[in-house]
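These notes open a run of structures that come right after.
Paired with chain B in one complex and with chain C in the other, chain A is shared by the two complexes that follow.
Coming up: the complex of A and B.
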């Protein structure tokens, strides 16, 4: 990496972390449609090239989100010429390695890819850029994601989202699968990024270049896709129903739709202090109202 | 004693009373800046400036402390009163520009950090002044409301009364539901307390009410503060300077270990309001104003609320959104501290990864020798020290474990 201090960073220099979904189960499902992985890659490659052409100091880092692993496949600050060849070669290595890691019997249909891992790696990289000095490119993350959400990743993905929010890194998401991704909707809403699900996947490059190519400073002047209502309702742990009102365990914050005697997550017994509680909370509720 | 000597003596007294004012301007810059504190002695007795290592090491220490408490149950729903001493002693200028401003600044940072880490908890502010305790804000979950109230009430006068402050807070905290953890954090500048009665009795009452009291002193250690903290299970520290004060205050932001008999496990009824449609005009129940669009609707009484988390002012239902709950989950599922890589492993250059798994920074020092690095005990990936701190203090995910499908199942089975 060239020393940062020697560069002149204006407010429109971007560091774009692109997370590419390489989940083989997802891409094999799109075989019947016209939109294949190689087509997707050609769109993405031209997009990455255009980002690098927009500003000579722009930087692009590509991380592959696989089914069994995640890894860096491209960094424009280290690799020299022949970008496309370099990226494709690394990507091919990654896909082969990813495949070799899979256990034959572990395939349970349409799997999810490891979004939490690639998000965490991208955030670590961005922290390194922040540490590099007071002048650095403006980082943002772009998730090109197709696989469905993995429920087991919920906590890890949320942790990454909150960390990104704290360091003011927007997470943009472009969903190329058939379903909306609740994780990425929340990620973009909480971090102030753009969430988009292109209607015509053949025109991916146009979507990418019109919505996601502009730097953060110029975004203020554009009319970008507005977030449609993000559903922040929770689902209960017992039946997985989405609920409006529910009960929360005060010890472990598990969500239940009905009153239970014992928490199924942490095993605490409830209701021992019920006798004295209602009067106390009623009192509290009334006093501030009278004061107002 | 002749006249001249008398005057001299009086001057000396003046200097003790209002420290700094009797000094010449050139003296003051040296006395106030404490330039000698930014120097340290090395092994051969030479002076050199303190490097930043101490700072990063302190962070590291804080991280380890929270990590060691990993599997202890935490009190996630906290009701915390911050008692701030704005008596005459807070006008002292040993902190720059004075203690009051520094304390207010740290409290502001603390309130933001507190709500970031404990979104379901509430804070109230109490100020000690003129021998009495003033309740500045009621318990509430909005950081901005507390900060604006605090910044509007800056000013010092009179004495501080620990007893009056504790009595006031105890009355307020007795009203909260039994599942909540009652806590008091006192930022105490004065060297004395001016009480109307027996403070030891008050301390026993606080203990009986299961209130955890912690004190951060700004001047010197006081027996009564130490006694209070010991009795109620809190922590007592005295700050050395502003960075140390900041560190001590922020140590109270992560949830403390829960003590079983302090708060009873209970199911809390909560509502998850949906965002109201854009462009709808409605009167909000919190500010009593007509507002257009945005806002949330209480699922029980359909009142309009401006922001979450809050308590519905009409029906009293606690209203949260699912990300607020998710924000606390990292306290429940902390990641394991990383291990230092042993020197025997470091010798084997070929097996070592060249780059940090998180940020791709080269782990090799100049001269191709392996630099300092840590490894995750679960996924065995190597990380640089900066990533280590970031992962444990902010991210709460191990990138290595998260990007391995198989290791995850192993760790799940262990649990």
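Coming up: the complex of A and C.
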């Protein structure tokens, strides 16, 4: 399939970046339930096939979000006809590699998958498509995510969200884990995508094809599910905790849960203001003063 | 002076240079009263001392006047006394009176401030009242904070300047346009005599003046000096009549006889010069050649009835020719410009004068605009850039959208749900622990499983699909009709409506108070100090009220209410802590800086 040759992209041609969560610890937890990784894969593969059938110019790229790394596992513009086999083969290689990179022997809880990394890879791919020429398919990102939010990735994820917003790429999210994801809620809210947490995990394919299969042009005419509430809370930069109230660096807007003497991001000194000698008043003017 | 009253002969001088109005100046502790000797004079004064900011006086000297100037925020009152001793006595009295008011002002600093605020013009007041009427939330806030004396009127509105401006911009005054009706004098002939009647109304005259500057100029020149108004219009009508007969030769003959009539019959010189000016203002890069195809001018008048005759005219008749397209253009220009003057139409002369004034103003701005030429040159060079070589000017911009503060409550609710979910999964997480090998092995098993078996057949069974559809459509329809909010799921909506309203009100007032509180720091003036104290008192009242709400609600929703109230209390606590720290610092430092540093 060589869609690039005949640059005849209509407004309903999509480039779908699918990020699939391959966090082994998360999938091990679902082993005893009805919804296993193989079931998940079979729903996703069917979905990808239907996307490619919707429009022959449609393009699908799959990125695996692993525990230690991320990688492209499928690109419909380069692969041959044996799509599913090609994808599974690459996915297996990826899991092997991901395992070899692993340091610790066991993890308490689910651990976190590298959402920030796969989001960045998706955005890089989209940027390359944007620069390939004046005509290109309409890109969107679909996150199929199960692992909980990794607090350490907060800044990186937010940065990805904002760059997606800037390049007007919607991030759709389908949460397959048991908890809501504040990161993905914000991502979809900010970029104008759809956030959905399926109630019936067996019906994943139905959710995917009903909600996430429509191209961006058609979305204007559809009534898609909207979230009831979005968790807008930020995480502090020092301990990566989600906080309701905190301190903000007046220079670089970094967020902290406690008062610090110095901003860890930009290095500004936070004056302890009035307690100094009067002679220090000139110096004090130059240093950012926190609400204290 | 001892009895708190001084009466002196003085002259009130509205201007420094002026001669002054003789009269009697009476000073009491609260006010000064000036009664002019001439009882019909309007220069009576009765002013309270609390409005007076200070006083100035002239130096004593033989040739100088004994002056006393009581200054206000804007301007002041200047009095000239007969002698310097008189003046000095008044000056001392005024000084003590003003000082007394300053003292009072310091003791209750908010009062004079409020008084100054009241000196608003009526339109400003009207705008505020309108805003309050339109926005019930704002009205509640205003009631609580301003009427309750926590914030002054000016402080309250200072934070809402944007809102006021917006409301003003929203409603431009609508002007009544000119009638888009080409007025041509329709002569009413009775058919028997040779009399021809024209009907002129003020509206018609207004239109004539607007479209024909020459007629307007002639009116100003001739009426009423040379001829009466009636004569003028008779002459004008005659000229129009001659035009309507299209007999150019006859018109020229008449014009040769009557100088004044000629003015109407000849082409309008003022219009011509205006047109030339307009052409000079046309964008120089506009390519007139390119528009040649659009030119209908050489098609004589599109077969319209009035206008140029096709017959050959001798050159001396040329000025009397009148083109219909010229008239049409002038008419459209006037209609599009709309009403430029704002004068009662009844008085013909004032209408004519107003037009002349408007025209002159236009000319003045043009003449003063010396940079116009340079600007044009700049424009030429800018437009002459080769477009293909320029980068795109408009980069795609994602608009910043400020969220409705109510989203905060939604997010609180999402947190509540999350908290519930966390309890559930938290337990499972503790139990759950696998080794690396196990985890990766099972993942690889899954992949090879699907590789060997292929996709599940069928992918989804009909019952599950139906369940998904039902769930989705229910979810979508409920969010659609409640604007993104499910009424039974928002924590706020589960509360009794009284509690809910109370919470929302407290929340908005806390926001308002905190905004004022933090913007008052660092405290540099006494005024800010009292303001902060006032704000702090108000906040502590709300604090106790919030506590009461928390305790008064039923036990089943108490947890949720306290979740909502908690952030508000935290924000207030932070403000109180800052206030206390500041007060301590202040008291510690007060010894060091006794001199005016508050």
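Definition applied: the second predicted complex is superposed on the first by the 224 of 292 C-alpha atoms of A that agree within 3 Å, B and C clash if a C-alpha of one lies under 4 Å from a C-alpha of the other, contacts with A are read in each partner's own complex, and residues count from 1 in each chain.
Following the convention adopted for this analysis, a residue touches a chain if its C-beta (ideal position, glycine included) is under 8 Å from a C-beta of that chain, and two chains touch if they have at least 3 such contacts.
Every value quoted in this text rests on a predicted model; they were computed, and no experiment measured them.
Residue contacts after overlaying the shared chain place A:77 against neither chain B nor chain C.
In the superposition on chain A, no contact is made by A:33 with either chain B or chain C.
Contacts of A:263 after superposition: chain B is touched, whereas chain C is not reached. Using the contact criterion defined above for the overlaid structures, shared-chain residue A:233 touches chain B and also reaches chain C.
Contact with both chain B and chain C is seen for A:166 once the two complexes are overlaid on the shared chain. In the superposition on chain A, A:249 makes contact with chain B only, not with chain C.
In the overlay built on the shared chain, the residue A:45 is in contact with chain C alone; chain B does not reach it. By the touch criterion defined above, A:180 reaches chain C but does not reach chain B. On chain A, the surface touched by chain B in one complex and the surface touched by chain C in the other have residues 106, 166, 229-233, 244-245, 274 in common.
Residues 22, 24-25, 27-29, 31, 36-39, 41-43, 45-46, 84-85, 88, 91-92, 95-96, 98-99, 102, 104-110, 165-166, 168, 178-180, 182, 185, 198-200, 202-203, 205-207, 210-211, 223-226, 228-233, 244-245, 274-275, 291-292 of chain A are the ones that touch chain C when the two sit in their complex.
On the chain C side of its complex with chain A, the touching residues are 396, 398, 403, 407-408, 410-415, 417-418, 421-422, 424-425, 428-430, 432-436, 438-440, 442-444, 446-451, 453, 455-456, 459-460, 464-465, 467-469, 471-472, 475-476, 479-480, 484-486, 489-490, 518, 567, 570-571, 574, 578, 581, 585.
Within the complex, the chain B residues that touch chain A are 73, 76-77, 116, 120, 138, 174-180, 258, 263-275, 277, 299-300, 313, 316-317, 321-323, 325-330, 332-333, 356-361, 386-387, 390-391, 394-399, 402-406, 408. On the chain A side of its complex with chain B, the touching residues are 67-72, 75, 101, 103, 106, 114, 116-118, 120-121, 123-125, 127-128, 131, 152-156, 158-163, 166-167, 186, 190, 229-234, 243-253, 255-256, 259-260, 263, 266, 268-274, 276-277, 280-281, 283-285, 287-289.
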